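To keep things simple, chains are lettered A, B, C and D as they appear, and every chain counts its residues starting from 1.
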Amino acid sequence: MLWLLLLIPTAAGFAAMGLRNPAALRRTLLPAAAAAHTALTAMCWAVRPEPVLNGWLGLDELSLLVLSITSGLFLAAAIYATGYLRREPPRKTDFQDGGLFTDAPEARFVACLLLFLATMTLVTLSRHLGLLWVGVEATTLASAPLIYFHRHHRSLEATWKYLLICSVGIALALQGNFFLAVAAKGSREVHLTVEHLQAHAGQLDPVWLKAAFLFLLVGYGTKMGLAPMHTWLPDAHSEAPSVVSALLSGALLNCAFLGILRVHALMGAAGLGEFSGQLLTGFGLLSMAVAAVFIIEQADYKRLLAYSSVEHMGILALGAGVGGLAGMGAMLHMVNHSLAKGMLFLLAGNILAVYRTKTALQVRGLLQTLPVTGPLWVAGFLAIAGSPPFGLFVSELVILKGALQQGQTAVAIGYLLLLGVAFAAMARIVLRMAYGSPAGIAVDPERSRGAWAVVPPMALGAAVLALGLCLPEWLQSALTEAAAAAGVR
Amino acid sequence: MPAALDILSILLILANLCLLGSSRLATCIRAVALQAVILGAAALIANRGELDARVIVIAVASTLIKAGALPWLLRRAIRESGAVREVEPFIGFTASLLWGVGLLGACLLIGARLSPHAAQGSGLLLTVALFTTATGLMVIVSRRKAVTQVLGYLAMENGIYAFGMAFAIQEPLLVEMGVLLDVFVAVFVMGIAINNISREFDHIDTDRLTALKD
Amino acid sequence: MTLFLTALAVMVAGGAAAWMAGRRPWASVLGASAGAIGAAVALVVATEAALSGRVSELRLAWPLPFGSFHVGFDGLSAFFAAVTALVCGLAAVYGVAYLKPHAARRSLGPTWFAFNLLTASMLVVLVARDAVLFLVAWELMSLTSFFLVMFDGERPETISAGWTYLVATHLGTAFLLALFVLLGRDAADMDFGRLQAVSPDTAAVCFVLALVGFGTKAGFVPLHVWLPRAHPAAPSHVSAVMSGVMIKTGIYGLLRVVTFLGPPEPWWGWTLVAVGAVSGVLGVLLALAQHDLKRLLAYHSVENIGIIALGLGLGLVGLATGNAALAVLGTLGGLLHVLNHAVFKSLLFFGAGAVLHATGTRDLERMGGLIHRMGTTGASFLVGAAAISGLPPLNGFVSEFLIYVGAFGWLADHPGSGAAGLPAIVAILALAMIGGLAAACFAKAFGVAFLGEPRSDAAAGAHECPAGMRLPMVALAALCMAIGLLGALALPAAIPAAAVILPGLDIAGACARAREWLWHLGGAFGLLVALAAVLAAVRRRLLAHRTVTAAVTWDCGYAAPTARMQYTASSFAAPLLNSFRLLLRPEARVHAPEGLFPDGASLHTQLDDPFEHRVFAPLFRRVRHLAARLHWLQAGPSQLYVLYVAVAMLALLLWTLGAGR
Amino acid sequence: MTTASVSNVLLALLLAPLLSGVINRVKAVFAGRTGQPLLQPYHDLAKLLRKGAVYSRTTSWVFRLGPVAGLAAAAACLTILPIGGVPAPLAFPGDLLLLAYLMGLMRFVTITAALDTGSAFEGMGASREAWYSMLAEPALILGLAALAVHTRSVSLSGMLDGLARGELAGPGGPLLVLVAGAFAIVLLAENARIPVDDPTTHLELTMIHEVMVLDHGGVDFGFIQYAAGLKLWVFSGLLTGVLLPPLTGWWPLDCAVGIALILAVAAAVGVVESVMARLKLARVPQLLVAASVLSVLALALVLR
């Protein structure tokens, strides 16, 4: 079963790479593979598959959670992408400097999407830290071509920064793995599998372990988008096609977070949980602050969303660092954020297609111009800003309660304050976009793409709403177990 | 014979300083290649105890790739983009050297903190490995060309590899997968990117790569 | 309880149906009737519960972390719920005719959905017995009202007003989050029954949090800045609901939370009295300076919230010092004023809406003489104006009377009490100033808008509004008089609420006494009305068979007075504002006549909200500048970005290992 | 007792116009003129009530409501005002506030009636009236508060009883003097007398109260004049109640004394008007604020 999870997207990917045309077949291949993957994931909830590859591949609550998010979001993105590919002309003029540019071959795009899914699945499934690292590295390789889909110099620049910064981070993470191995030298015949390390956490050398945690935190933190390592994120998200941005924000960042959580759990088992917790909390607050700074008066609405991702990654880190109830909150928040952010990026794609600009000030009267996308955009903003009745309100409330229960009053205050600032700044921009009169703005509404473009975001929005209205018992317990698996106690 | 390891370490340091101090791209490329060779040797020496095929293959392969394939590809990129053969640093070479010495000090401190806890392996090599990584970062940060950034990245890689040597980590596949994958990234992906850059901008300076900002 | 919830369900369902109906002509009627019917049922249920004071609860499982769908009625909830349902129902009726002109331009379904959802969420806020449910309903209320404020979102000023409102209410909610989480910190869930302050210090912190969080919604100065911007922007029936009842949920929340905090400290009451005095006086002063009718009314909401706070503050002082008389009179006065303000403020906003509907302007200086064309509106507006000015024999005076008597009585019982008497004195002084100023302000508003000659063609061509809008106004005007004359009958509705707020205090006697006084007051009012009637009859008899001729206004010998010679609102307000210029710094743009043959001359007084322009705007600007100054962090070069990574790495390593942590 | 109260009210209704007659006589005496007869106001009223009416086309029913409601309010005041230690027919806790706010009502209707004419002069008068009364109101209410504390009563009737005899000499003396001062100023302001306002001026620009009623005539004007008399009566009663509480226990005598005192106050007003000049408009607020200060002082004194 686990093998299937890995094989389906990989095979589909290579197949897509292989068959250059007919395009129609390829375009059906993408959602089909995604659907199959989702179905398998759903089955995993019913029956938990056995670990394979002598325990290197396995599925615990945490990985199942992340896997489900990734798979579900990918399904939505795949459907959206199908419509996207249908519409997108191969050659178009760059609306920023008017130059002509082409897109990468569609076959490669689809293939990379599927491989991206495969690599992310690998990250979630791997119980071996080395293998997990390989997976994270692989996600970089698979996603870089996606960012360079539109072949103009801005997207190339974004790709370059993404590659460089993430590779550096990944290299540091590798260093961290080595440190871990050294730390484990004390216990004979090392295995970097989660179970093994947890079992022998006692014998690990604390100093090396701490150093290892630092390296892995910075390394995976770069990928996750924690300030100050977040710098690749806004560029990549603003230049990549919106569907890719949605996957980056909604799925990739979680996978990186998963990497950090694995080590955090290990630290906890080794009795260093406080040390790692404080670091996570600190990075969380810092990320929220930095994100707030750049959300204020942000001119580009896709960058705005990217920075908001940084902010929410900060919230996740903070929640995991504070621990206790907040850990469960962080898990819930991960789900909510992925859904809401995916929705927003897909909608941003629609807006971009119609308004042909990423400058927020040049977008006015959304509610009138795009009768479906507009309201969804406002709803998505409210969701991501954490207003009821959307899910993020609940998770943010839980995290706050957790923080206060742990007696981290200062953290709670900073958390509330930064949330407020980000909200105010974001509201200013979103309102200007949604309201106002579209008069005097060149829009070509025929470029808005019917059901393909609105159904997926609508579904995601509905999911966030549902999570805000009711959180079934089984899900709550699953989240709690996931938090426990993440070593957040 | 840890003495040999120590000598290699010293050589590694020198290579780093050369990388920091030289003004010509070609020299830098050679310096990195040299590091790769040294590390290949170090690998063989470090695991002389159990010198099985796996170790040899890995050492030789990575040496060949990093000392052979990479320089060739980088030179080609430079030739194609017809870029200036200068390094064009943000920080002067002397300054970089001084910085390098400072980094060395920091690494010594960290190494000193760590090595007593090290179960085995050479304390010096540990320090040098860290220093090499730091040098790589330094080169990435302080040089202007995309090529030099790749070089810096390779240097980091060498540092990490050296670290792996220093402790002869037995964890199956960890070192190999890691190093090979990273090399793969450096060589192919970044290579491709560089070629794209040179096509798009007909040069490989990164100072034109600053259109995206706030 | 179930009936109540069913009513809410009907409301929301009707709204949703209206949304589905979209542009169809009957969509508006459908939504409105659903809202009105639901509100009517809710009104009946709530009134019954308020009068009986019976406690009824209902708890449904709600799978949210530490949340449960737990609602219930007690005196306090029921009282506020009744007021809310009353105003919302009438507003729904009023809204149909008011929105009709927009129907051609846009679909009204969504508006009605938002309106009904607003009503429903307000009522849920009032009956919620679980913090999570409360917060959800609270935020839902804010959001729906926000969407209604953005009704015509094309205009830039509406957008900025909406932003101000959204941010203000959200920041307020942040305080509430902190408050409730702090109260429920050690509890497994956040049911109201389990909320408590662990220590006196926590209680104090919670009180401050509540004061800020709920005060933002209620519009305490200086947290009121969103109010005069958002309320005028909304459609008038929404303004009525927001000003009349929505801001009262802030008062309700404050009272509700105070019941969690155990025995109050005296300084809580003093703070509330101080806040009330400041809000009241500043609110009415700022109102006096406005020439936008709806903005003026919005500022009066600030003033009346101040009066309510005065009463409740005195009540808290009484509760803290164990003085039943003061506690009861203050609390009852405050609660009754909640009802009264809801009645006459929504009446006034309906009137303003009718004027806007008829003349298309909110600017007083462009109105005048409307009473000739809009008789009913004018008459009901006059009643509302007199009532809000606290003039006998209307309801405004009744509630202020109770607060006054509470303060007077307390002073009379404690001669030589020294500084302890300060709250009472502050309350008296504030009420006295508010009384005079409010009367002046509404003399201006009514006089300039409805009396004299029309100042613009729009005013000259005005027409009376349709019956659908007149009916609610007349009903409310009648209610103003009824509560004025029979305040003693309205009082029992507030007594159970007071009992909830004042636990452990024997209030029966004081309540009975207050009621008796209100009977006296009603008698005096009756006498007044009778006298007026008799005199009117006499006058009619005297003039019956005599020559009654019409002429031009005597303008001191000037034969041809024109509309532009009338006293303007600016001129009327100028001297009063001038005596407070040190406090408010009003801007007067005077263009004095000069030369032998002066051309045009003009006087225009205007007053920017000092808190908005001297406190909040600079604050936000400073934050924006700070952020802008930090943008170099993201300047572009990849080297810089890698440097961040490297520095972070090195710093962490040195910090951890170097310091031997 | 009720007979006494009712007789008080009736006497007030009967004698109120006399006050302005007294004032005019006193002024005439000071000016060395013969002056109009003491009962002239009655003749004026009778004449006005016999006249027809001329209304401006601008005005509406609000204009006609003004005099009626004003007179009603003033008359209603009488029913809660005790004279000479005799409780008022309608005495209940808090009636003092009703008194103050009935005055407010009277003012409100006058102002709206004035605005109804759409004349610049009457608008100006209305603005000034609102301005002054806004300043006078705190003085009155705080003064009443001081009395309430002093007498432990929140009802006028209870209060005036509570004022023990000979207080002026006793400890409460300073208090009473302060309050009396405040009330005196309020009386002058509220009844549009010099130095605040000049009822006999001939230049509309300088009028305050008189200019508001320029357009009223006939019956309406009669009502207004009569209401003005009643208002003066009420304030004088308030003042004398404070200054000189009743002497004997026998109510007819007390009432007689009380009424005599009220007439004396009218005479005093006449004297003030004769010896003082009218203040500049800008100075008046200072006078009124001074009154409030007196009241606050009194309050501080009694709460100390």
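Please note the rule applied: a contact is a pair of C-beta atoms (placed from the backbone, for glycine too) under 8 Å apart; a residue touches a chain by one contact, two chains touch by 3 or more.
Every value quoted in this text rests on a predicted model; they were computed, and no experiment measured them.
Chemist: Touching both chain A and chain C, which chains are there?
Modeler: B
Chemist: Work out the mean Cα position per chain and let me know which chain is farthest from chain B.
Modeler: In terms of C-alpha centroids, the chain at the greatest distance from chain B is D.
Chemist: Hey, which chain is the most central one here, using CA centres?
Modeler: The most central chain, going by mean C-alpha position, is C.
Chemist: Where is the C-beta contact count highest, in terms of which two chains?
Modeler: Result: the chain pair C-D has the most contacts.
Chemist: Roughly how far is chain A from chain B, centre to centre by C-alpha average, rounded to an integer in Å?
Modeler: 31
Chemist: Could you grab the centroid distance between chain B and chain D? Build each centroid from C-alpha atoms only and quote it in angstrom.
Modeler: 100
Chemist: Would you kindly tell me how far, in whole Å, the mean C-alpha position of chain C lies from that of chain B?
Modeler: Here chain B and chain C have centroids separated by 69 Å.
Chemist: What is the distance in Å between the mean C-alpha positions of chain A and chain D?
Modeler: 78
Chemist: For chain C, write out the residues touching at least two other chains, lowest number first.
Modeler: Where chain C meets two or more other chains at a single residue, that happens at 631, 633-634, 638, 640, 642, 645-646, 649, 653, 657.
Chemist: Two or more other chains in contact with one residue: find those residues in chain A.
Modeler: 160-161, 164, 168, 207, 211, 234, 294
Chemist: Going through chain D residue by residue, note those that touch at least 2 other chains and give them in order.
Modeler: Expected reply: no residues.
Chemist: Can you give me every chain pair that touches, using the contact definition above?
Modeler: A-B, A-C, B-C, C-D
Chemist: Which of the residues in chain C end up touching chain B in this complex?
Modeler: Touching chain B from chain C are residues 631, 633-640, 642-643, 645-646, 649-650, 653-654, 657-658, 660.
Chemist: Mind listing the chain B positions that touch chain C in their complex?
Modeler: Within the complex, chain B touches chain C at residues 90, 106, 109-110, 113-114, 134, 137-138, 140-144, 149, 206-207, 209-214.
Chemist: Help me check something: in the complex, which residues belonging to chain A touch chain C?
Modeler: On the chain A side, the touching residues are 160-161, 164-165, 168-169, 172, 207, 210-211, 214-215, 217-218, 222, 228-229, 231-232, 234, 275, 279, 290, 292-294, 296-297, 328-329, 332, 365, 367, 382, 385, 387-389, 393-394, 397-398, 400-401, 404-405, 412-413, 416, 419-421, 423-425, 427-428, 431-432, 434-437, 470-473, 476.
Chemist: Touching residues of chain C toward chain A in the complex: what are they?
Modeler: Within the complex, chain C contacts chain A at residues 62-67, 132, 135-136, 139-140, 143, 150, 153-154, 156, 158-159, 162-163, 166-167, 170-171, 174, 177-178, 181-182, 184-186, 620, 623-624, 626-628, 630-631, 633-634, 638, 640-642, 644-649, 652-653, 656-657, 661.
Chemist: Mind pulling up the chain C residues that touch chain D in the complex?
Modeler: Touch list, chain C to chain D: 368-369, 371-372, 378, 382, 386, 389-392, 397, 401, 404-405, 407-409, 411-413, 415-418, 421, 425, 428-429, 431-433, 435-437, 439-440, 443-444, 446-448, 450-453, 517, 520-521, 523-524, 527-528, 531-532, 535-536, 539, 542-543, 546-556, 561, 563, 565-567, 571-576, 579.
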